[in-house]
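Here's the structure we're looking at; comments come further down.
Naming follows writing order (A, B, C and D), and every chain is counted from residue 1.
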Amino acid sequence: MSEPLVLTLSCADRPGITARVSSYLFERGGNILEAQQFNDQSSNAFFMRVEFDPGEAARETIRTEFAEIAREYAMDWKLTLRDRPRRALIMVSKFDHCLADLLYRWRIGELAMDPVAIVSNHPQSAIEHTALGEIPFHHLPITRDTKDEQEAQVRQIAEDTGAELVVLARYMQILSDRQAAHFAGRCINIHHSFLPGFKGAKPYHQAHARGVKMIGASAHFVTADLDEGPIIHQAAEPISHADNPDELVRKGREIESRVLAEAVRLHLEERVLLNGMRTVVFRS
Amino acid sequence: MSEPLVLTLSCADRPGITARVSSYLFERGGNILEAQQFNDQSSNAFFMRVEFDPGEAARETIRTEFAEIAREYAMDWKLTLRDRPRRALIMVSKFDHCLADLLYRWRIGELAMDPVAIVSNHPQSAIEHTALGEIPFHHLPITRDTKDEQEAQVRQIAEDTGAELVVLARYMQILSDRQAAHFAGRCINIHHSFLPGFKGAKPYHQAHARGVKMIGASAHFVTADLDEGPIIHQAAEPISHADNPDELVRKGREIESRVLAEAVRLHLEERVLLNGMRTVVFRS
Amino acid sequence: MSEPLVLTLSCADRPGITARVSSYLFERGGNILEAQQFNDQSSNAFFMRVEFDPGEAARETIRTEFAEIAREYAMDWKLTLRDRPRRALIMVSKFDHCLADLLYRWRIGELAMDPVAIVSNHPQSAIEHTALGEIPFHHLPITRDTKDEQEAQVRQIAEDTGAELVVLARYMQILSDRQAAHFAGRCINIHHSFLPGFKGAKPYHQAHARGVKMIGASAHFVTADLDEGPIIHQAAEPISHADNPDELVRKGREIESRVLAEAVRLHLEERVLLNGMRTVVFRS
Amino acid sequence: MSEPLVLTLSCADRPGITARVSSYLFERGGNILEAQQFNDQSSNAFFMRVEFDPGEAARETIRTEFAEIAREYAMDWKLTLRDRPRRALIMVSKFDHCLADLLYRWRIGELAMDPVAIVSNHPQSAIEHTALGEIPFHHLPITRDTKDEQEAQVRQIAEDTGAELVVLARYMQILSDRQAAHFAGRCINIHHSFLPGFKGAKPYHQAHARGVKMIGASAHFVTADLDEGPIIHQAAEPISHADNPDELVRKGREIESRVLAEAVRLHLEERVLLNGMRTVVFRS
């Protein structure tokens, strides 16, 4: 078997797209390993993800030839090596439970990423409980006055490292519109509430004050409109009247960690496609 | 065994309340069957629920004597027969899935209620799929002009039937402030979203538009502030990009039915105590 | 739009199946509405489900032509009208909560079935809480001596009514091997435990005795080996030490009802394909 | 406030226990912070857990005096400092995800334990991804011939360190009956399946072969009868036909980690009481 490829695409829906794509892959000697499609009848859009063994065909040949098909259907598309780890830049503030969880999963081979940099607005000593190993750490403090400059530094690090994904792993800073736009579609945030409930700061205190009976977390793409980006994954758990805000924070850490890790995994495996303000998520 | 009683109470927390209550019951010959308490350290309030077999003691003797203790501690309290079905008035509009579910659970003995009336703003013929049997049905249409009068009729029915509980089982009308105040603490609504997300109308369409990955339902006490009353129970289920609003409505019906039924059961069993804008829920 | 069709198929996996099927549909003027496939790498088997608008093509033409393709790939396949209600025979004993739930969902249009008969080993009077309406009811009592005969009667009713699906909605009788074989692949049972735990009788009492912290239910195809048929759907809920067997039975009813209804819905929509002793379930 | 204490007790149920215990605490000047009780009507047993501020009373005075009450009611009981970290010995084999999770939670203050030793049948180099820091590591390899000796070494370490709790954090060795008896009631195991389904080895492969639609994990006290000890906590998650055994292992790691951590937390907080082959778990 050659190195498997992943093809993702979206375009306006019309008859024959599946036939065209799958016939092309078959003619080229490809063998489909996993495939999903979604015909969004509300927006008349079509989404597809195909993992395939390209057989004898050269990757660049496929890329060139498929570009023709893509043009014909006006597709947004992407062709990548399935098993190549994606370069990820992880941003964090003081709470490192999401970071610790992501790095552990990466180390045991669960997340196919290459963590090229960790950026924090706090010094490395603030990350007490997580071994960073060889991953470069960048302390980029931020104030109202230095925000522009700090964000430029982050963009520079992303460029220098070729970061394909930026993960805000409880990075407690709001990105500027410019920064959000710069990383559009490749920056994932974990919001520690079940959006759209409890936007903004201190969501667990908000949840306690409101007396809800479940709390949750939401992983979403970052957009200029804070807490409003396309949601990738969410989970929630029951709580009771006896859970004070500290208990909610404790229970929340676990939900946040696994919701963010799942969203990152889905993104690394090219399973998340944008559909306007929503996402299409092709789980296996 | 005598007929078991349920005692519920709340008051400012201070040392000795449990001792005082349990010692009294013991001295009177009572035997505790189930007991819970909650010391709310954030508000310094105390909550208790005790099921007990009163033994030889007469119920009215206990009531008279306990009133003394309650006065001493400035308790809100209630003493009732555990197994006496509570009289319930159920209100419904066109969608009868919650009504059907409540009546089925009542018929098989799962809900200890006595449904004294069903009130709808639509004629009985609108409830196509649920056999009402002997339960009196009241068609009380409502318009902007007749709202005051209609609500007065509902209050009259509640009074005539001695309704202890009013269940809004997908009753798609907003109660006036006066009506909400009248039924304060004994009127349960099911909101077909996971509050505080998606308040107001058409929550499933809102959820679809926002692209969330879970939907839920919330049962809460009705207050003047719509969709803001103390929450009794909530549940949520995962959805996917492929669920259109119709699918969400279908999945939602099931969540709504069981969340409302659970809240009603908890209330009928005197397991829900008010704690300001929140609730204390003593599950067995 | 013509009446949509559903095509389901399975065969040994090899390159080009998706291309072959989707190209055929496209050439015939069909338009795919929803499609899923699964390449089972452990068994080298391929599974596909396609909903499509056949456009101008006559259904029988497609059936004839597709039979050629199916032969070429040695497919198991099925082509049906998507929206035609499937004829269902429902079997029940004394507990009617699953029956009530299925009929309610059918009446409000949630389950695209045509309930052609209800068969019980108890008289109709045993079903106290569920209005059967026009659905023919058959009281077929069963004893050790009459089992063969009773099962023959059930087969006869299924044949007379053209039943495509047999639902054991808490039918507390074990089908003979012969009966299980007769209805293979079209008979769904709800087992009131989380298989493979607690096979056999009184699973909630078993669960209580074992002290588990969750209970569940399993909907599966019936096979000769009781409680071992391919599982279609399962769900589970947390319980506590305070739940006695009666409480477990109460909580279980809700899980059973929704697990069975979901399995029936999936089957009615042709979303369940057999994969040896397992199932492939194509959710939308 | 003095250092809070936790009192746990169980005995045969009879009237007046709550009154006796709470009156004693009140008379001694204690203030209840949290209290739960369970009257097990099936076994006529009584269970209680009280967190209280002892006020001016000396701990040893309470201990001496309460011993009298306990004798009177033939109670099993325990009186401990609520906030004193319990000494824990953690055993592990090659897979360190549960160990990593426990240590992370300990480091951020979520688990009030004092990890006095880590014991593995593999060398420390096998634990690649988890920083053990200062915690003493003991490599105690085990073979059929050395099992007795190895277990004696473990008992010695437990004695030397004063271990109050032994956590089998994916320790892939079966304890001998003697060892299980030695650590009875203070040794928690994580079984990577939803007991009682899939006992024994390779439960995820068993689950895949059986085609179940949910997988789970079970934390239980270790007894001589493997996989049959009293269950403390369980959780389960849905899976699909597309999850191969490797996927199940991945999904399972997360469930195992949080189920074990929750069971350990409950035990550390003295919230788990034995009730024959079952447990009573007093969550806050």
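In this section, a residue touches a chain if its C-beta (ideal position, glycine included) is under 8 Å from a C-beta of that chain, and two chains touch if they have at least 3 such contacts.
Computed from a predicted structure; not experimentally measured.
Colleague: Can you check which chain pair, A-C or A-B, has more C-beta pairs in contact?
Modeller: Most contacts of the two pairs: A-B.
Colleague: Which of these pairs, A-B, B-D or B-C, matches C-D in more than half of the residue pairs in contact?
Modeller: When the contact pairs of C-D are compared with those in A-B, B-D or B-C, A-B matches.
Colleague: At the chain A/chain D interface, shared numbers over all numbers used: above half (same) or below half (different)?
Modeller: Interface between chain A and chain D is built from largely the same residues.
Colleague: Which chain's mean C-alpha position is the greatest distance from chain C's?
Modeller: Chain D.
Colleague: Counting only Cα atoms for the centres, state how far chain A is from chain C in Å.
Modeller: Roughly 37 Å, centre to centre.
Colleague: Where the centres are mean C-alpha positions, what is the separation of chain A from chain B, in Å?
Modeller: Taking the mean C-alpha position of each chain, the two centres sit 41 Å apart.
Colleague: Counting only residues that touch at least 2 other chains, which ones in chain D make the list?
Modeller: In chain D, 34, 41, 240, 242 touch at least two other chains.
Colleague: Help me check something: in the complex, which residues belonging to chain A touch chain B?
Modeller: 38, 40-42, 194-198, 208-214, 216, 218, 230-236, 238, 240-242, 244, 275, 277-281
Colleague: Considering the complex alone, what residue numbers of chain A touch chain C?
Modeller: Within the complex, chain A contacts chain C at residues 15-16, 18-19, 22-23, 25-27, 29-37, 39, 41.
Colleague: Using the touch definition from the top, list the residues of chain D that touch chain A in their complex.
Modeller: Chain D reaches chain A through residues 34, 97, 100, 104, 107-108, 110, 128-131, 240, 242-243, 247, 250, 253-254, 258, 283-284.
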